[in-house]
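Presented sequentially are two complexes of subunit A, the first with subunit B as partner and the second with subunit C.
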Partner chain A sequence: MTSSAFFKRMQLSKQSKTHKKDDLFVTLISKFKPITPAQELKRGFYNFKSVIWALIFKEFKIRLGESKLGIVWVLIELIVSMIVMSWIWLIIGRTKIDNIHVMLFLGAGFTIFFIIRRGFSPVPQGIKSNSALLNYPGVKPIDTIFARFILEMWLHSIAVILLFFSLFWILGLSPIFSDPLLCFQALGSSAMLALGIGLLLGIYQTFYESIGKVISIITQPLMIMSAILYSMNDLPQSAREVLSWNPIVHLVSAFRQGLLGANAFPEYDLSYPTFLGLFFLGIAFISYHANRFRLIQK
Partner chain B sequence: MKNRLFSISSFLFIIIFIIPVCVVSIYYIAFASDRYESTASIYITKESTKSNPFDLSLIGITNSSSARDILVLKAFIESPKMLDLLDKDLNLRKHFSNPKYDYFSRLSKNSSKETFFEYYLKHVTMVFDDEARLLLLKTQSFDRHYSESILNGILKHSQTFIDKLNTNISSSQLKFFDAQVKKSEMELAKEKSKLLQFQKQNNILSTKLTAGTIISTITALESELAAKKSLLSSRLDVLSEQAPAIRRLRSSIQGLEKQIALENARLTNKDGNALSDLDAKFQEIKLFLEYKTLRYKSNIDAYEQAQNEAARRLRFLTVVSPPTLADEALYPNRPYIILTTAIIALFLYFIASIMVATIREHT
Partner chain C sequence: MIHLEHVSKYYATPRGRHWVLKDVTLTIPDIARVGVVGPNGAGKSTLMRLFAGVDAPNKGKIIRTGSISWPMGLAQSMHGSLTGKENARFACHIQGLDRNKIQTTVAGIQEFADIGKYFHMPVRTYSSGMKARLNFAIAMAFDFDCYIIDELTAVGDKQFREKSAAAFQGKREESSFIKVSHNLNELKKECNMGLVLSNSKAVLYPSITEAISVYEDFLKNRA
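Moving on to the complex of A and B:
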């Protein structure tokens, strides 16, 4: 018997021993308390929920700790960009777009656009910034994305409330809520699209760093292409046909329609961004499921 | 363990994917009634359009006047009024709520007017082509001939709508000028009758002519007077004051002087009945007459211009392609709908099952 063969056998016996031990453990537990699938789901959901909650609090604390200005900026960015952009219109002398005050019109546009933009920028980086926590067996990569997404949406909704409240308080402008259900539909679809994009980018950004850089270059002209600053109805048909490939245009139009009673452009179709969001989310889930172990290794 | 996981995901697969896709396919293949589509395209022309000096179409701002006409027509076609007209002509409600067709695609029997209108809008679609200024009309119904007749009805009512618009425009525009012309005509006649009355009252055709004759009489009389006066002075050298010839001359000179004074009095008199006063009145009447004539003329010009303008603003509905008769039921597009449902269901299944798997991983 050579030494190497002995070593091999030793390893084999060790493995089989641990296997047996594991099996024994499982059988012991199952004897004491058989787990039904419903119970398993319940327990899994409880753990999932508590992990996400813990991550949300951790992320929020980090956000607060980084700099006080950071969190103030998150809340105020919406108002500042709305004011700066509507200032341009007001200087030109145009106070109304599609018969709606410029500030409300742009505010509604930014509300949707910032949801999508968060899917590009802070949400996908969740995996990387929480990579230390992935060593814990209870924390999965998808939890970090979910936690970040929920936190971002929460901060964004506070920012939106601040925006519309300050518009009402200072200028007396208030949205008419012509179709509240359509508002929620638009917000839900944009959130789904943002989550789909965020998860998909989060997965592949951890594998290939360059993707993040490419995406940040590609998303530069996104605001101009999304009809945030102007109305689609002011554009000629040929331009509208090109821009209507952008799902954000439809979401923005739907939100403005539901919130402010604006007229939709002729090519408008809300089902397009909704299905695209569903598609992105499905693809993201599949690629997460396929790469979940590789992500932890990374 | 493995078996259990399989069971949950297969349960989800059945609930989310197989059942919806089966329900949708069974409904669309076995029950859904065929819908036939008829299409037509129209556009609106104007008699002649003035070319705009600022052609903004180059920078993307289209000249909206003719686009507006067709958008107005579009608004008319998708109005409850059009539905009423079509329902009267073709009994739309009866066709669409016929129990022969399947429950989900037909209109329910006791539906309200609003639901019927919504249903109508779903079955009549319009696409406005911005570049060609064409309006593409599509109607769907459960019968190929019926779709065509609905579209024909729409075109007929659109034609009457455009005609009505034309008459409204021309009549409202011409009415004003017509009234103006009539008014100035009447005023002119009034002035003319005033002149006639004046001429009859004073027995003169024109004060200028009368004044001319009086002046020429006066000059003739004056020259005669001068001749007589010179004759008298030459006779007085020879004859005595008492001579009958001198006396005769003196009396004729006196007569002439009287006549001249009389004629002068006819021209100018302090009483106010003189020719100068008459002339002032006559000139005033004439001036008014001239002014009214001018006004009448300009009003007639304006009327003609308005007529031209109205003719230029007339719109004509042109049918580019007449309503087509469907050969095959294009709707519902069964493979498309089933495939779309399958894809959506599949993605929903992916999301749900992976969500479940992720949750299970947390135990």
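Moving on to the complex of A and C:
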């Protein structure tokens, strides 16, 4: 079609268009058919899937590329933390907390804590470190967060399996799985809370850089306040009441209860972190939707 | 086809809104080779992002048909820590290419980009010319109905410019392009329509020579 012919048809379509829909307008002047909403949804889902895969693949490549040691550290950090902290208990002469071997007890605590911690540290930075790739129309800021989250959870799962396998292999300690369903519930709630925090921080950290610095100071004492290294049952009631505002305490307790059969503390309530996670996730999606184009411009 | 209907786009600045486009309505047909001209800072890159669907307008709507490439520009859409090859693979993945086709496509990109051993090095070590070559080669590996080129050829050497022109020669029958450039002679040679962007207005002209003369008048009046 030459340009003059095109302009003639443009004029024609303009006359007929005034009361008709965009679709008719499109069919009149374009050789391509307009897309139906169903097609758009299907295409969108397919696109989402391939983008997430591509991003996960890319994140993994960069992780590997930066240093092989980095990947190794991610996998053994859990074991190292557990050993170092258990050591302290063992030197003092205490081998059991809540009637459970110290190593299993701390291992279970770190399993949950490291999930939450990833929501603070590598997940929110996903948007910023992938800003060059947002130039592809298919890649949305939220995809970078999802991809990073999925990769982190995947690496963490391997680390957890390594931890419990080596505990069984070397020391013959094995969890009793007293309530497997509760285990998964605790893990799922932790993952949800981590994603909620990661997405929320990811959005606002991109706008205000100082938030990241403030958060890193706030999260410094998080491990001590999350009952990872000790049992809530060993604390006086007044301390428990304060600490039970921290959702991680409940998640840790639930996981220990389900995996090791440990007794929960009196104020324990798993619905609190679960609803908090849902709440964060909801707020995060709303703020993402409100700011999705501003994020790309940043 | 890209159709803009009463599209407005602004950026919030400390001194109020900076309008890039104000109530712009225009249609770019299927087979059009549009040359975009405008002074620095007029918002040509923003307009390209709107065309590609990377950014969204503040008001109005944009209707697109057919597949449209991402805005090929300098240092964009490539991750600095990934090698050229990995960037090419990434693009293949997000375009949803079949797994068994990726190998051959990446090989094709390597050949077209022709940047030697740098193809296996991180993109942050590239010169701007090499980035442009790679970016262009990646986009050319896929069959888009419309390619969006944002001052990409400005940094390329003569060989690259000839190569990119030849690549479009082959695709000219099926695909169109929208090209931003300050090289008016190049636009005159390659384009059949012109778009002038100035003072928050975008006007499409059915011939590139007309657009260029309007643009030159505008520059004269301003000076």
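The rule is simple: the second predicted complex is superposed on the first by the 259 of 298 C-alpha atoms of A that agree within 3 Å, B and C clash if a C-alpha of one lies under 4 Å from a C-alpha of the other, contacts with A are read in each partner's own complex, and residues count from 1 in each chain.
Note that a residue touches a chain if its C-beta (ideal position, glycine included) is under 8 Å from a C-beta of that chain, and two chains touch if they have at least 3 such contacts.
Note that the structure is a prediction, hence the values are computed from the model and not measured.
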| item | value |
| --- | --- |
| More subunit A residues in contact [subunit B versus subunit C] | C |
| Subunit B versus subunit C as contact partner of A:Leu281, first or second or both or neither | first |
| Partner chain(s) touched by A:Pro266 [first = subunit B, second = subunit C, both, neither] | first |
| First, second, both or neither for A:Phe45, with subunit B first and subunit C second | first |
| First (subunit B), second (subunit C), both or neither touched by A:Gly172 | neither |
| First, second, both or neither for A:Ile296, with subunit B first and subunit C second | second |
| Partner chain(s) touched by A:Pro221 [first = subunit B, second = subunit C, both, neither] | neither |
| Partner chain(s) touched by A:Tyr136 [first = subunit B, second = subunit C, both, neither] | second |
| Touching partner for A:Gly93 - first (subunit B), second (subunit C), both, neither | neither |
| Residues of subunit A contacting subunit B in one complex and subunit C in the other | 47, 51, 138 |
| Subunit B-touching residues of subunit A, taken from the complex the two chains share | 37, 40-41, 43-45, 47-48, 51, 138, 140, 142, 235-239, 266, 275, 278-279, 281-282, 285-286, 288-289, 292 |
| Contacting residues of subunit B [partner subunit A, same complex] | 4, 7-8, 60-62, 127-131, 344, 346-348, 350-351, 354-363 |
| Residue numbers on subunit A that touch subunit C, as the complex places them | 1, 3-4, 6-7, 10, 22, 25-26, 29-35, 46-47, 50-51, 53-54, 57-58, 61-62, 65-66, 130, 132-139, 293, 296-297 |
| Subunit A partner contacts - residues on subunit C that touch it in the complex | 1, 3, 11, 27, 29-32, 52-56, 63, 65-66, 68, 70-71, 73, 75-82, 86, 89-91, 93-96, 145, 192-193, 206-207 |
